[in-house]
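In what comes next, subunit A is part of two complexes: it sits with subunit B in the first one and with subunit C in the second one.
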Partner chain A sequence: MSGSPFPVIASLDALAGALFLLAALGVVATRQVLASLRLFILQSLLLAFSAVLLGIGLGSIHLLAVAVITIATKAMLIPWLLRRTLSAEVYRTREIERALNIPSSLLLSAILIMLAYVIANPLLAAVSAPFAAINLPLGIAVIFLGAITIAVRREAVPQMLGLLVVENGVFFAGIAIVPDLPVIAELAAAVDVPVIVLVIGLLTRQIYRRLGTTSVGRLAALREH
Partner chain B sequence: MELVLILVIPVLASVVALAPTGRRHAAPATLVATALVLVLAAQVATETARQGARQAGNGWLTCDGLGGLVLVLVALVAFAAALFSWGYIAARPDQHPLRDVQRYYGLYNLFVLSMLAVPLLANVALMWIAVELTTLLSAFLVGYENTAEALEAAWKYVILTTLGAVFALLGFLILYWGLRVAGGESFTWVGLGEAAPHMPPALLWTAFLLILVGFGTKVGLVPMHTWLPDAHSQAPASICALLSGIETTTALYVLLRLFPVVSGGQGLDPGPWFIGFGLISVGTAALLLIYVRDFKRMFAFSTVEHMGIILVAAGLGGAEAHLGAAYQVTGHALAKSFCFFAAGVTVMAAGTQEIAGVRGLIRSSPTAAVALVAGGFAIAGAPPFAIFVSELVILKAGLAAGHFIVIGLLALFVTVAFCAVMFHINRMVFGSDLDQPTMAAIPVSSKITLAVAAVPLVVVGVFVPAPVHALLQAAAAAIGG
Partner chain C sequence: MLERILYNLLQVAVVLAFAPLVEGVINRLKEMLQSKHGPSIFQPYRDIWKLLHKDEIVSEQSSWIFRAAPYVAFAAPVFVALLIPVLTSYPLFFAFMGDMLGGGFVLAFGGFFATLAAVDTANPYGPMGASRTRMVGFLAEPVFIIVFLTVSFVAGSTIPYIVQTRWVTPIANFFEPSHVLLMMAFLMLILAEDGRIPVDSPSGQFELAMIDRSKGLEYSGRGAALMKWAGAMKFFVLICIFLNVLVTPWGLAPDTAGPIGVLLAIPLVLLKIFGFVLVLVYIESSLAKLRLFRITEFLGAAFVTAVVAMITRLAEI
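What follows is the complex of A and B.
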């Protein structure tokens, strides 16, 4: 970013952002449940990396706290929680059938990534915030990719990971637009995400025990006739 | 002080319910707790209507007219549903071990707590967490029956409404961004309202659309409503009363709060978006009401219809329309919770949720039949119930403001919905084709709940007591900003 006062930090942030987006595309496209989980952990680490970079660039101690919280919850606590609540069989699952095949999902992703820039541009034109030009559109793009994951994947764990990818996207955008994030928001990140994982994990376990499958996308008893 | 107590009591009740000794105490503790909260909430709401907004806990808690209205409605439905749970949940020990019942009451109190917190929390970020928790704490209540259908409903409910809430979170972060750009400090609805005229309109507008779509999912606005009829038909009837009667309202409350903030932005008018989403929701719900086959789903679609009507009323603008919106919020909470109690009683009496499976209910179970007819009239908008009055107020206000097309469509959809609901209920109650299977007896507590829930329903419809009227006007003023 030429206009930035921190060219090195901005370049590194752009790199982190690009990898962040790629990890989200990976979650959309991977068949293996375990591989999706690893991609999500990688993505969370990239979010933490970006938060550290912006924390240095903007001199914000809050962002360093966000980085610590992100690593503690998303890279450590969540995988642990999932291992505690779900049996190994759930992770060994391979998704063969999806609501939309992989090439079409990726094409849809590409369209929505462009849409993310269309949405972000008026905001960036209205207010100049350092790093927002990198983080805001990429964050919005990742929000869309997470939503696609929920829509096209049928296994319970990948759908939940889609939700968490959306959450990551929100925070990736958030660290650039509100670097003085109130303590409250950090609290939200620290408490909300593990609760989501705990609730959805326990629900997945209940579904597995009751129905013998975690292919929630196939449950279709409820609909209008 | 009362505001703090309102949030502390449900926590205590939840602890009592989950404690190892709580087997026998869970139900009575919940009933006592919700009764206490109701008394406190009514007191807070009356005082707020008389003396204006109040604060507590160093400014972290607040309550104004709209907050007071939502607060007292949450407390009222929570009390009635706790009473209904007594016989409905405990009456079936064969299906659920005591441990499940304890967990039910533990989560019940926490779920109620999260809904009470939404109108009370001053900080908007904390309020967002409270809305998010309403979903997470009620997920296992939706899936309580542990059937394939209930688990499917719980799954869709959690995934879709949480997805919506996370979209809304980006909206709130952008709102905070705008607040900081405008030089504001305090991330409260009041602070946002003051800063709105100085915010870059692009920020405010993007935040508005994100929150409208995000929390609109939780309100059940079409086309984000797909989870709602599932969750609201598969949960136990007592939980349906909470979900349909007030949980949707707590999410709608956020949108009603946002309305005056966005209206305050430079050259921004959220009205047409409210009216657009509202009309699409009312119209779609009216059509689905014709084809619906499950009577709990019927009441769920009626919730989508009511949410749409409230959104249209808010979008129309003007003191009269906003009074209508506040009135409709009240009428909906009272009538819809009553309907789900009636539906629960009907399920117990007939053993099915299929509309086609219930015929001649008036002969086999007069209690259920009378409740269904009364509930049907109440939600469809017939006199002497509150929704008749509120819909009339909204239609009149819209005509007076010259919105003829909007009001014409609204009147058409409301009429279709009325006929559809009455058609189904008429067949269930008076039709005579089937040999009814043997019925389970209706617990006394369920009958008492129906009687208790009917009182405010009729009172608010026939004559509005002065304190209630003052509260409605204070709420309407808050929507107007």
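What follows is the complex of A and C.
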């Protein structure tokens, strides 16, 4: 923080980053689909907040556009799409089946966060962007946490949320390293992600109609015993 | 020198005098939130007074531990009140006698004796509650250690008086991610350590579901009064550490304020505690008690929060 030219912005960005990471941990650990989705929305808002801060700090108009796109797609469009495609499945309060219990997955997450810092250290030596020291390790950590979510959850919708968390992590690291990423790239991602959500949502709806469940973990076996 | 000793004793007196009041206010507010009238906020004082004048019955099967435990449990928070900043922002006479870890050990010592006493009587509910308390305790311990470690690492000291000024000077430090995360972890610890609602129900009367309270079931008369008072003081001391060291180290008497400043700090500190109590009552009224084996998850979450705070701190963001 001391090396940064904007102490207040860096401090707020670090706070947003810490809460961003905590929201990702929540997506890993919460029991219910709806809570998971809400945490994802919160995380996306924090991503947008960080983008705005960096946009002010670096004087980049692109980052403000990124923030607007993030809020529009991730905080509004995706929840709406999910509600439309599989309303009962998402908005029913029930527990998610999981492969690993909550304390173990949290401990695994803590180890991965440390690993993210270890990985980010040599990378930071190569990047000279002012906010990279905050955003890069946290972004990598959140990518790991999204991967963990996909691994420990056994149901389609929470796994998809894991995928989206990975996406958030990539953006969180990206906005600090390449602040002038062309808006075209952002727009492409903004179109891609809802399409992914739509496809997975419709697929899940089909699975749910056929089998009466969305625990895709069980689909690994061909026949029921 | 002499006045520093006096202020230190005044701190102890404040803890002794106002701890039951905090408990009374919490009980009253909780009832009011449920649209009930609720007991007077001075009810805990009346309870303690009543119990002090009743006969004490001690099982003849019990050993000296059962008789000694209320005094040990009572002495522990009194002792810790000497070490922590309750009213002043500068170290008092006994402040360097022990650091935050020392205070934690003293509190744990009181809890340890209460646990032994619960096992001592062979009342079936006592050992059950005692073993559950230990379970919550050993899950909370690593979180405590990490919180204290991170806090002391930042301040370069484990004396709470020195730690408190570090977090708010300059004010931007307050919003440091590690600070916010540590506050969250410590809040979860207070809930667990004092048997508040997501972990344990402090007003529950059902012995099978009790965690913390079943340890005191066998006590009567003076022993029960001391245990009750000790529980209230332990909570008060924990809130003081939380508010005066970690969250809001404002409103304390500075070095230059003199005796009037110290006396003026009493209502300010009580006001801060009242603010915290409002948050606590909101948490307790909006959450349900967790099942026993989900306490692991609750404290696991606290642990990971503390670890993340430590990592973000050590990585110097």
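By definition in this document, the second predicted complex is superposed on the first by the 216 of 225 C-alpha atoms of A that agree within 3 Å, B and C clash if a C-alpha of one lies under 4 Å from a C-alpha of the other, contacts with A are read in each partner's own complex, and residues count from 1 in each chain.
As a working rule, contacts are C-beta pairs under 8 Å (C-beta built on N, C-alpha and C of every residue); 3 or more make two chains touch, one makes a residue touch a chain.
This one's a predicted model, so the numbers in the text were calculated from it and none came from an experiment.
Novice: After the overlay on subunit A, what do you see for subunit B versus subunit C, clash or fit?
Specialist: Partners fit side by side after overlay.
Novice: Mind telling me which of the two, subunit B or subunit C, contacts the most residues of subunit A?
Specialist: Comparing subunit B with subunit C, the partner touching more subunit A residues is B.
Novice: Is A:67 in contact with subunit B, with subunit C, with both, or with neither (first, second, both, neither)?
Specialist: In the superposed model, A:67 contacts neither subunit B nor subunit C.
Novice: Of the partners subunit B and subunit C, which touch A:46 in the superposed model: first, second, both, neither?
Specialist: neither
Novice: Is A:150 touching the first partner subunit B, the second partner subunit C, both, or neither of them?
Specialist: first
Novice: Rounded to a multiple of 10, tell me what angle the C-alpha centres of subunit B and subunit C make at the one for subunit A, in degrees.
Specialist: In the superposed arrangement it comes to 150 degrees.
Novice: Using the touch definition from the top, say if A:25 reaches subunit B (first), subunit C (second), both or neither.
Specialist: In the superposition, A:25 contacts subunit C only.
Novice: Counting only touches as set out at the top, which of subunit B and subunit C does A:7 meet: first, second, both, neither?
Specialist: It touches subunit C, and subunit B stays clear.
Novice: Could you say whether A:163 touches subunit B, subunit C, both of them, or neither, answering first, second, both or neither?
Specialist: First partner only.
Novice: By how many Å are the closest C-alpha atoms of subunit B and subunit C apart after the superposition?
Specialist: Closest C-alpha pair between subunit B and subunit C: 20 Å.
Novice: Once the two structures are fitted together, what part of subunit A is touched by subunit B and by subunit C alike?
Specialist: none
Novice: Under the definition above, what is the set of subunit B residues touching subunit A in their complex?
Specialist: Contact set of subunit B toward subunit A: 123, 125-126, 128-129, 132-133, 136, 139-140, 143, 146-149, 151-156, 158-159, 162-163, 166-167, 169-170, 173-174, 176-177, 180-181, 187, 200-203, 206, 229-230, 233-234, 288, 291-293.
Novice: If we count contacts the way the header does, which residues on subunit A are in touch with subunit C in the complex?
Specialist: That would be residues 1, 7-8, 11-12, 14-15, 17-19, 21-22, 25, 29, 102-103, 106-107, 109-110, 113-114, 117, 133-134, 137 of subunit A.
Novice: Can you list the residues on subunit C that touch subunit A in the complex?
Specialist: The touching residues are 172, 175-178, 180-181, 296-297, 300-301, 303-305, 307-309, 311-312, 315-317.
Novice: Touching subunit B in the complex: which residues of subunit A?
Specialist: Per the stated touch rule, the residues are 119, 122-123, 125-127, 129, 139-140, 143, 147, 150, 156, 159-160, 163, 166-167, 169-170, 173-174, 177-178, 180, 182, 184-185, 187-188, 191-192, 195-196, 199-200, 202-203, 206-207, 210-211, 216, 219-222, 224-225.
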